[in-house]
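Here come two complexes built around chain A, the first alongside chain B, the second alongside chain C.
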Partner chain A sequence: MPSTLGYAIWFLATLLELSVVVCAVAKQSFRRYFFLNLYMAASFLVSVGRYLVLNQFGQQSAEYGYFYFYSDTLLTIFLYFALITLYIHVFDELKAEKYVRLAAVILLGGTALFSYSVVQQSSHRMLTHFFFELSQNLYFVGLVLTYLLWGAILKLRETRTRLVQLVLSLGVYFSLFAATYALRNMFPAWQVALAYSAPILGCLLPLSWAYAFLRHSEEARLVPARLAVAAQ
Partner chain B sequence: MSRKAAVVLLAMIVLVGAMGLKTVVTAHDSGAVMMANGGAPFPTIPLPGDPAPKPKSAAPVPAK
Partner chain C sequence: MMAAFILVFSLAALLQFFVSYCRSLIASSARLPLSPEVQDVTGISSTASGEDYLRVMQLLLLCPERIEDRGGIRAVGAYYRLLSFLRRTFVKMVPSLSLWTERERAHCAYFAAVALDRRIAFSRNMLAQQLDS
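What follows is the complex of A and B.
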């Protein structure tokens, strides 16, 4: 069972996930960023579900394990759709929504096919292994897509403050997770020290998104550096 | 090249890049997994796809 600190961080992350949806509804941005809010609402419900299953069956039970892995895959797919929604917002002036959707479907299908090809040799618990592999692979696809979106934002000189902050938060979140993952693989002795890193990082994304919804309106614009200098 | 073909090509490049990055990151695989959704504790059951546990006793030596 997790420690008191582990429970406290988990509870905080769950509250922050709910706060994103509340802030979006309060600022009338729920429908505009529907998949972001769907991901956060699903994260909140999954956290509650995990807590109930954990209390009922325990951390070592197969029930908790299966619930954890399947719900993680579901959340990762929602996060992928949230990222695609950000792409659509960034490219909306180019009228490229059709192509973004096509690329998203191909990429998701390709990732699923790749995951299947990896696990097809394994006859033991193949379905669970497939969902686990798909979840892992989608993280890395999301990471690459977020960096590409960063590049697109810089190239297109995007100035919508809220959109920029949402994308930057996601990029930092993915990058920190990948860095932690790499550190845990390279230095297995650090496992204990890094045990709390994932739950703490899990608090940062909802915190940043809630701040973006609360602090910045949809009309807020960043002042480009050259204009800011000229105005002084 | 049509726009749709370019989109397909771009998607494939992203997929190859992502899987390449995963291969690099997991080059020193120690069994750590990347689970980024929420603060719930990680299950302690064997991971899906883990190989079967090795038997503790030594394999019997065939008689000559």
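What follows is the complex of A and C.
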């Protein structure tokens, strides 16, 4: 079972996930950023579900393990779609929505195929391994896509403060998660030390998104030149 | 090998995203004017210096905390420490960094002064509401 600290971080992250949806609704941005809110609402429900399964079956049970990994993959896919909607917002003036959606589906399919090809040799618990591999690869794809989106924001001289902060928060989150996954792969002995990293990182994204919804209106603008270090 | 590549790429990206995120937080308050009270208390009128940051933070900590700006203040605080670290170490090797880090630290100080302004206004509102009730 998780320690008291583990439960406290978990509870905090769950509250923060809910707070993003509440802030978005309060600021009338729920529909505009539907997939971001869908991801946060799903994260909240998954947290509650995990707690119930944990209490019912215990942390070492196969039920909890399956629920954890499958729900994690589902959340990663939701987060991927949230990122794609940020692309659509950034490119909305170029009327490129159809192409962005098509590219997103192709990339998701390609990542799933790549993950399958990596795990197909191991027959032992292949499905669970596949979902773990897919999550990890989607995090890295998400990081690369966020990096490209950031480049597009600078190039297009995007000024919408809220949109910029949503993208940058996602970039910080993806890069921290990808680094943690890589560390766990490289140093399996650090698993215990890194056990708290995922839930702590899980707090950062809802915290920064709630801040972006609460602090900045959709009309708030900033000077693009203030964002890029190279532009100074 | 793949994991090492992902680690290096993600750490480099993390640094860039973190710096840009902090700069977006700072940029969003860069054009806000300070109230005359905060200008008097901090000694900052339109431009701040990097050295002002710690003093303004001490004043900021005296005010009741607002949950909604806590995350932003912490992120900018981490950015300020990163800049100060750069100043202490790499500036000797790359002197051109000195001007940039000092300008960024000054922006951090101005951000803290705007946050102080908000907290003072918030405290005043709270006090007024208590007196009314």
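Odds and ends about this structure:
The rule is simple: the second predicted complex is superposed on the first by the 206 of 232 C-alpha atoms of A that agree within 3 Å, B and C clash if a C-alpha of one lies under 4 Å from a C-alpha of the other, contacts with A are read in each partner's own complex, and residues count from 1 in each chain.
Everything below uses one rule, namely that contacts are C-beta pairs under 8 Å (C-beta built on N, C-alpha and C of every residue); 3 or more make two chains touch, one makes a residue touch a chain.
Source: prediction; values computed, not measured.
When the shared chain is aligned, chain B comes close enough to touch A:T76, but chain C does not.
Once the two complexes are laid over each other on the shared chain, residue contacts for A:G65 go to chain B alone; chain C is not touched. Of the two partner chains placed by the overlay, chain B and chain C both lie in contact with A:A182. Put chain B and chain C next to each other and count what each touches on chain A; the higher total goes to B. Within the superposed three-chain model, A:T4 lies out of touch with both chain B and chain C [touch as defined at top].
Contacts of A:F140 after superposition: both chain B and chain C are touched. Touch criterion met: A:G171 reaches chain C, while chain B stays clear of it. In the superposition on the C-alpha atoms of chain A, the part of chain A touched by chain B in one complex and by chain C in the other spans residues 140, 143, 174, 178, 181-182, 185-186. By the touch criterion given at the top, residues 3-4, 6-7, 9-11, 13-14, 16-21, 23-28, 30, 68-69, 71-72, 75, 100, 103 of chain C touch chain A in their complex.
Here chain A touches chain B in the complex through residues 1-2, 6, 9-14, 17, 43, 46-47, 50-51, 54, 59-62, 64-65, 68-69, 71-72, 75-76, 79, 99, 102-103, 106-107, 110-111, 114, 119, 122, 124-125, 128-129, 131-133, 135-137, 139-141, 143-145, 148, 173-174, 177-178, 181-182, 184-186, 188, 191, 198-199, 201-203, going by the rule given at the top.
Residues 3-4, 7-8, 10-12, 14-15, 17-19, 21-22, 25-45, 47-49, 52 of chain B are the ones that touch chain A when the two sit in their complex.
Of all residues in chain A, those touching chain C in their complex are 140, 143, 146-147, 150, 161, 164-165, 168-169, 171-172, 174-176, 178-179, 181-183, 185-186, 207-208, 211, 214-216, 220, 222-223, 226-229, 232.
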